[in-house]
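All chains are identified by letter, namely A, B, C, D and E, in their written order; residue positions are counted from 1 within each chain.
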Amino acid sequence: MTAGFVVRRIGFYVLICAITLFFAVPMLWIASAPFDKNPGLGVHWPDWTLENVRKTLEHPYAMHSMVNSLLICVTTAVAVTAFAALASYALSRVRIPGRDALLYGLLLLSSVVTGTAAMVPIFVMMFQLGLIDSRFGVALVMTGGLLPAAIFILKDFVDAVPKSYEESARVFGASTGQILRDVVLPVARPGLATIMVWAFVNSWGNFLVPFLLIRSIEKQPGAVLMQTLTDEGGSVNLQVLPVFSLLFSIPVVVLYLLVNSRYGFRFHGGIKS
Amino acid sequence: MGRAFGFVSPAMLLIGAFLVFPAIWTIYIGLTNYRLTGIEAVSPSMVGLSNYTKALNDALFHNALWLTLLFVLGSAIIGQNILGFTLAWVMRRTRPAVRRTVEAFVLLAWILPSTVVAYLWVAFFDRDGGTLNNILGTPGTAWLIDYPMACLVFFNTWRGTAFSMMLYSSALQAVPPSQLESARMVGASGWQTLRDVVFPHIRGHVLTNTLLISLWTANDFSPFLLTKGGPNHESETVPVYIYNVALQGGELGYSSAISFLLLIANLLVSLIYLRLLRRRS
Amino acid sequence: MAGIDIEGLATVYPNGVRAVDGLDLHVADGEFFALLGPSGCGKTTLLRTIAGLESATEGKVRIDAVDVTRTEPGKRGVAMVFQDYALFPHMSVSENITYPLKVRRVSAATRAETAERTAGELSLDGLLERKPAQLSGGQQQRVALARAIASRGKVLLLDEPLSNLDARLRLEARTFLKKLQRDLGITTVFVTHDQAEALALADRIAVMEAGKLRQLGSPREVFARPANTFVANFIGSTPMNLLPGTVSSTSGSETYVDEVGVVSVAGGSLSAATFSAPAGAEVTVGVRPEYLTLASGDVTGPALRGQVVVAENLGTQSLVSVDCDGTLIGVTVPEENEPEPGTTVVLTAPASRVLLYDRESGDLLARQPATVA
Amino acid sequence: MAGIDIEGLATVYPNGVRAVDGLDLHVADGEFFALLGPSGCGKTTLLRTIAGLESATEGKVRIDAVDVTRTEPGKRGVAMVFQDYALFPHMSVSENITYPLKVRRVSAATRAETAERTAGELSLDGLLERKPAQLSGGQQQRVALARAIASRGKVLLLDEPLSNLDARLRLEARTFLKKLQRDLGITTVFVTHDQAEALALADRIAVMEAGKLRQLGSPREVFARPANTFVANFIGSTPMNLLPGTVSSTSGSETYVDEVGVVSVAGGSLSAATFSAPAGAEVTVGVRPEYLTLASGDVTGPALRGQVVVAENLGTQSLVSVDCDGTLIGVTVPEENEPEPGTTVVLTAPASRVLLYDRESGDLLARQPATVA
Amino acid sequence: SDSGDQDTNRNADAKKVELTIGSNSIKGGKSSAGATFIQDVLIPKFVADQKGKGVDVTVKFQGDGSDDEVYKQKLSLDLSNKSGPDLFQIDGIWVGEFAQAGYIKPLTDTVGEASKVDDWDGWKQIPETVQQLGSYNGKRYGVPGGTDGRVLFFNKKLFEQAGLPADWQPKSWDDVISAGQALKKLSGVTPIQINGGTAMGEATTMQGVLPLLVGTGTTVNTDGKWLGDTPKLRQVLDFYHQIYSTGLGDPVLQREAKGRDKSFAEFAANKVGILLESDYFWRSVVEPKEGVAKMADRDSAVGYALIPAALPGAGVKGQDFVSMSGGGATVINPNTKFPQQAWELMQFWNSAEMVKASLDGAAKITQRSDVNAEVLAGDPMLNFVATKVLPITQFRPGLAEYPKISAALQQATADVVGGKSTDAAAQAYQKAVEAAAGGKDKVAGN
């Protein structure tokens, strides 16, 4: 081993450590504040207590809001994945003129609709459809917003499934549906898993849509509840909030870990022209 | 073909209903003086393009556009791109245990709910007990006040790098190892290898990635959670400005018009990217 | 079991490439039929058109006398093995093998039984629970075959079934495939660009070039009397020597040589038998390295003279390149006779092994047409 | 120009696979040296260790007598051609060829000049402005060679340089490669799993199995006297017959057979010359299909009797499988002598072509060691 | 169809009634006590009460507990689609804009006969000033809820160290400044915290600009015209300038997103001398047991004083002392299916018994004088507000343009605190107000 080699190795690990710290340090708060007697908006060595956890568990809506979040986000993630899979398969295999332009156009539009102003038409439409105060309605709206990017990303995965797989199934007489179910989807599974996590994470944090469309507190998801953890003057409730933040993060992390260990979390990229 | 249509239609139906239709309606609202409350809520009137002419003379909008540009440039085009690529490049050949650990943190930053993330960063930058001040030994420095845009760039780089990292990881896997080794065999340095072998291969990925993260960053609302656009509009990017105009000011017509202008700006940027992409082949 | 009839078939890709260009072909029931030709000549396209994966632009495909030109691939009663095997990576070997049955909603019990039996036939026992990625190349190929066989098609189509195997495995698989086809007696069409494979396996070979048929015949016919210089050059493990020459004397009638004529070539001459060309005709002389004999002394009769340039070891034989008046001619010699480079040598060939081709068209100058149906 | 010395070399992958496992090897200056072995035996790993792309776990690599075991690949003075050629798709042919010079910051003028010259040597003139994707496989291979040559290494390493070419092109490229190496006189190590290629091209061959050297010698030696059953089975375009047998009588001393002994095998017997085993020894008898003679009448002396099972056309010859007392034995016969399946035949072989191997160890039972340096 | 055309007596005799109460409060979160009262006390009591009359009422509670702006958006969306809760609480300053949009109607329109509304005996207990909270253009749109009042809080411990009296009562702005200068001598202490800047949002307007402005003798909207760049405005801005340019205040704190919370924490940690806040600060922030910034010694350590006019007698209406108040009102949805029952619930809700119950033993200023007299006796500070501050207090105008005017005021203070000259800030303010008000003619300038 030459000296240069050793220096490069050390430099390399210093770089890795620095990057890891950059990503890890901001997370200290959520590791310390929930268990601190005097939680603040800073990070210090906690004065350990489980009192905050108890308070959070006793909160009238906290736990239930997580269930709502799960309901909404599982629906959204499943719907996004299912519809995006169907659409991206069709778009990947059939040459529709202007297909790429369409995808880009939708991707762009999806950015306008996240704005506050677009809430007016969405609200009015949901109102007319009688989907106000419905968790299902909320999931629908979120699904519509996430689909373009999901199709965009998923198409790359489907493009990567060898055509010979499908043709082989076709020669055996499999219908398109069978081919999709038995061959394409299972092979593109890492992509589907990735999209599912992505959709779940995105809907998990969405506040505005459920807030505006849901009427009963009992149906509100955690993202909305988190906004209410303040006192009448608008100061945050530091007893409950850190613990709730922690709890609220757990499903996302668990889902990610599950998917990562089973399918590997990975992306394809690049537009094949 | 007919079956393909059947496959696409559920997605298109949802997209049409919850995306295209509201988007078009929003564009229409942008041509009126509609407000949430007050007289204009009952009877909004068409004001033509006056919202747009107003935006063109609105110093706060100009300010917001400029800040958005800085934000996209700093955190997406430079920050996430370069850090994401560096991570993908460096992690390529590290031990799996190390790679998994680093990736876990990077991905955690990406998947945590944004409301939670906002608190993490408020705590990080906090003036009194903040982690940053503790690390740097600079108690009392109000980072979010004194350097709001720098903080946001820092924050968003942290938040979004995972996507670039993952995309570049898979891009780098597509570079045939034999090409990298060919370069090594002729004695090319790391930089020469990147420039002559790696980059030409992943050019398409670089552009897709840059396009996506630019769009997402330009429309990102999380700056609001950190600084609420302040102090004194110093970190009021366009989405935050739209929010403030719509909710604080109640001017939905005007805010719709600005949303549409943001869409146009996004479109322009995308077209430039796509032009660059096409030139590749 | 069924024969395949192809009539005036053409397949044109959307980009305008006429990959198959007006083909007529009959594959007999139970025949092991090879499609041979260089890369890009349209072999795969022809096979895919038979399978129904590409639709014919012109002409007809009949399987078992039924016109299937417009029939869905799944309803033609064909089974196909792809070059990359197209095994489903997420299914176990037994699931892969029985997938065709699953598509037809055959009961699980029957499926398990079929998997057992077919795996037995192809010596895959004990591998049924593995995933394709856990198999060697040869095993994968057999799974793909098993799957095709399990689908109980009347016709088996194989696209370069051996090309993904390494040299040694390929030889084994070749023998295995031939035996399997014999046992099953299933009509089989296979695509290859390796002439040795086609010669070794097929009952009949169709040699293609640029979407067209160049010769159709038994391996022996194709090897011994290539119908044109294209086929001549393509067939044989060492390329045939194709040399410009002139007919110098003929016996028999003026144009149809019944006995033996002489052609002057590469500074010397060779005798050739039973061809149809007048004296003075410009021809291409075709003679395989295996049929040339190398001597160092003097010989009587037509012969070529030259210097040894280089020798390549072929195992029991060597391929010697001899420079005859500026033309390089390949000769195989037994390993023990390999001459030193630089040696002057004399080459002779039996008249029956010297073929003459028209210099312009490249067609065999034969009394009888070379393609005997 | 330089020789390569390899001493006790082992390369272990992080997953614990000892891909190269204690190898000693000397490649002489200017030699054309082949690494041959089945898939996964460590050929590529050895080549990459010489190149410095993998680092040696144990042992030493010397190039031109300089220890380069820990030297960066770019500084070893070696050039390498990868199996997939690794041409840079975005660079033109001339940019590809001169990339090694660009890295060393050679002036553009010199680079253009080198590109011209090297392209001339490899008949690539006129293609300099094309991109790799616009070239045929053979041309791509030549560009890769040109790039390796332009880098002016002392040693040229080729990893399966011909495997990406189709059957016909491979033969041409083989001859081209051999001639090029002769002309340049550059020390060349090439990897192949195709024994025919190794026999045809190499000055010397190293046969590997599982990271270890099994035989080292000239093509003739390796072909004629494989040092063990592994090599015997691997070398030869048709696999050698390896049959269990027993030494039944010996001449000469008891264990060293000077003249001719007899082994009983497959229900009959064969005579073998010059081996070292006592009567009654259990051996494996090795005899190539090419050395067996097939007769239909009766013969005197040791012979095997059996029925013809199947015949494969090899072009000028056929490979006939004969069932001798339950053992399948391959024999090649000239095409015109191909017997019908079912015929009863008699097989004989010259005693000098019958090799005996220890049944346990598989090593050649030879008086002299089989590997002659 | 507009509710004006609807029969106000619709479903008056229904035996099965369903009502929904909307409120920006939630148990365990924002205004938890309010939500708890409605859900656990008001609704069961009302249901029982109605049962006695033979009516089967179901009352649902629709709590939100979010930012006021988003709550307002949600309500507006509901109301503009002629849906939404039957009764809901809104901020007093929204009454005007909601009325203009037709989202709410005068009670007499919704409920029908004026007598039914005006004869409610509760009105007599609600002071005229407080009634403004639920009124627009002189008409009653709803019944006000509790209110508050702003005073100057000060830290008696710091005052003692600085040699200032424990019963401090400044008579003019100069008195405040000089107390600040005395406090400045103490190390690590911010002498005066008067909210400024945009980060604090409405807290800047309510706890800063407006109390000062009324101290100069004017209001933000006089005779239908919005305040422009007037000398009085400049006087206010000068005062900000004086505080934040001479080290009497902490300019950085005004820019922080969580600046207000932080100012509370600093006050509780004895680092702020004088703080302009509402009685909420006393009740919920430095409250010794439950407060967000508890001060165990609140009763002895925290002093309070009336906000002086710039000079004695210079305040609005010639007052010596001034204050601002806010609060909400409960209104009835004009589209309710059960207007009569909704009005009945409204009366029940604002009965003395319920108002008292809503306090749940805590001391808080309610809309009803009779209740105040009873519950505030034990808390001198709140009593002080109810008796001394409410009579002199002012409310914000409930007009649609107000939020933007307020934003312009915040911006002007932000400019000054950030170091701009009063002149530049005032000129920029004038422009912003003209744009917000929709024309020069709607602005009172100089």
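We adopt the following convention: contacts are C-beta pairs under 8 Å (C-beta built on N, C-alpha and C of every residue); 3 or more make two chains touch, one makes a residue touch a chain.
As the structure is a prediction and not an experimental result, all values here were calculated from the model.
Undergrad: Using mean Cα positions as chain centres, tell me which chain lies farthest from chain C.
TA: When every chain centre is compared against chain C, the largest gap points to E.
Undergrad: Take the average of all CA coordinates in chain C, do the same for chain E, and state the distance between these two points in whole angstrom.
TA: The answer is 94 Å.
Undergrad: Could you put a whole-Å number on the gap between the CA centroids of chain A and chain E?
TA: So the centroids are 39 Å from each other.
Undergrad: Just curious, how far off is chain C from chain A if you go by their C-alpha centres, in Å?
TA: The mean C-alpha positions of chain A and chain C differ by 56 Å.
Undergrad: Which positions in chain E are in touch with at least two other chains?
TA: 70, 73, 77, 258
Undergrad: Pull out every residue in chain A that's touching 2 or more other chains.
TA: 41, 116, 120, 227
Undergrad: Spell out, as numbers or ranges, the residues of chain B touching 2 or more other chains.
TA: 122, 128, 246-247
Undergrad: Please give all chain pairs that are in touch with each other.
TA: Every pair of chains meeting the touch criterion: A-B, A-C, A-E, B-D, B-E, C-D.
Undergrad: Could you please specify the touching residues of chain C with respect to chain A in the complex?
TA: 48, 51-53, 72-75, 78-80, 82-84, 86, 88-91, 99-100, 102-104, 151
Undergrad: Could you list, by residue number, the parts of chain A that touch chain C in their complex?
TA: For this pair, the touching residues of chain A are 162, 164-165, 167-174, 178, 182-183, 186-187, 189.
Undergrad: Can you name the residues of chain B that touch chain E in the complex?
TA: 35-39, 41-42, 122, 127-128, 142, 144-146, 226-228, 230-233, 246-250
Undergrad: So in the complex, the part of chain A that touches chain B is made up of which residues?
TA: 12, 15-16, 19-20, 22-30, 33, 40-44, 79, 83-84, 86-87, 89-91, 93-94, 96, 104, 106-118, 120-122, 125, 140-141, 143-145, 147-149, 151-152, 176, 180, 197, 201, 204-205, 207, 223, 226-227, 241-242, 245, 248-249, 252-253, 256, 265-273
Undergrad: Please name which positions on chain A make contact with chain E in the complex.
TA: Result: residues 41, 59-62, 116, 119-120, 123-124, 127, 132, 208, 211-212, 215-217, 224-225, 227-238, 240 of chain A touch chain E.
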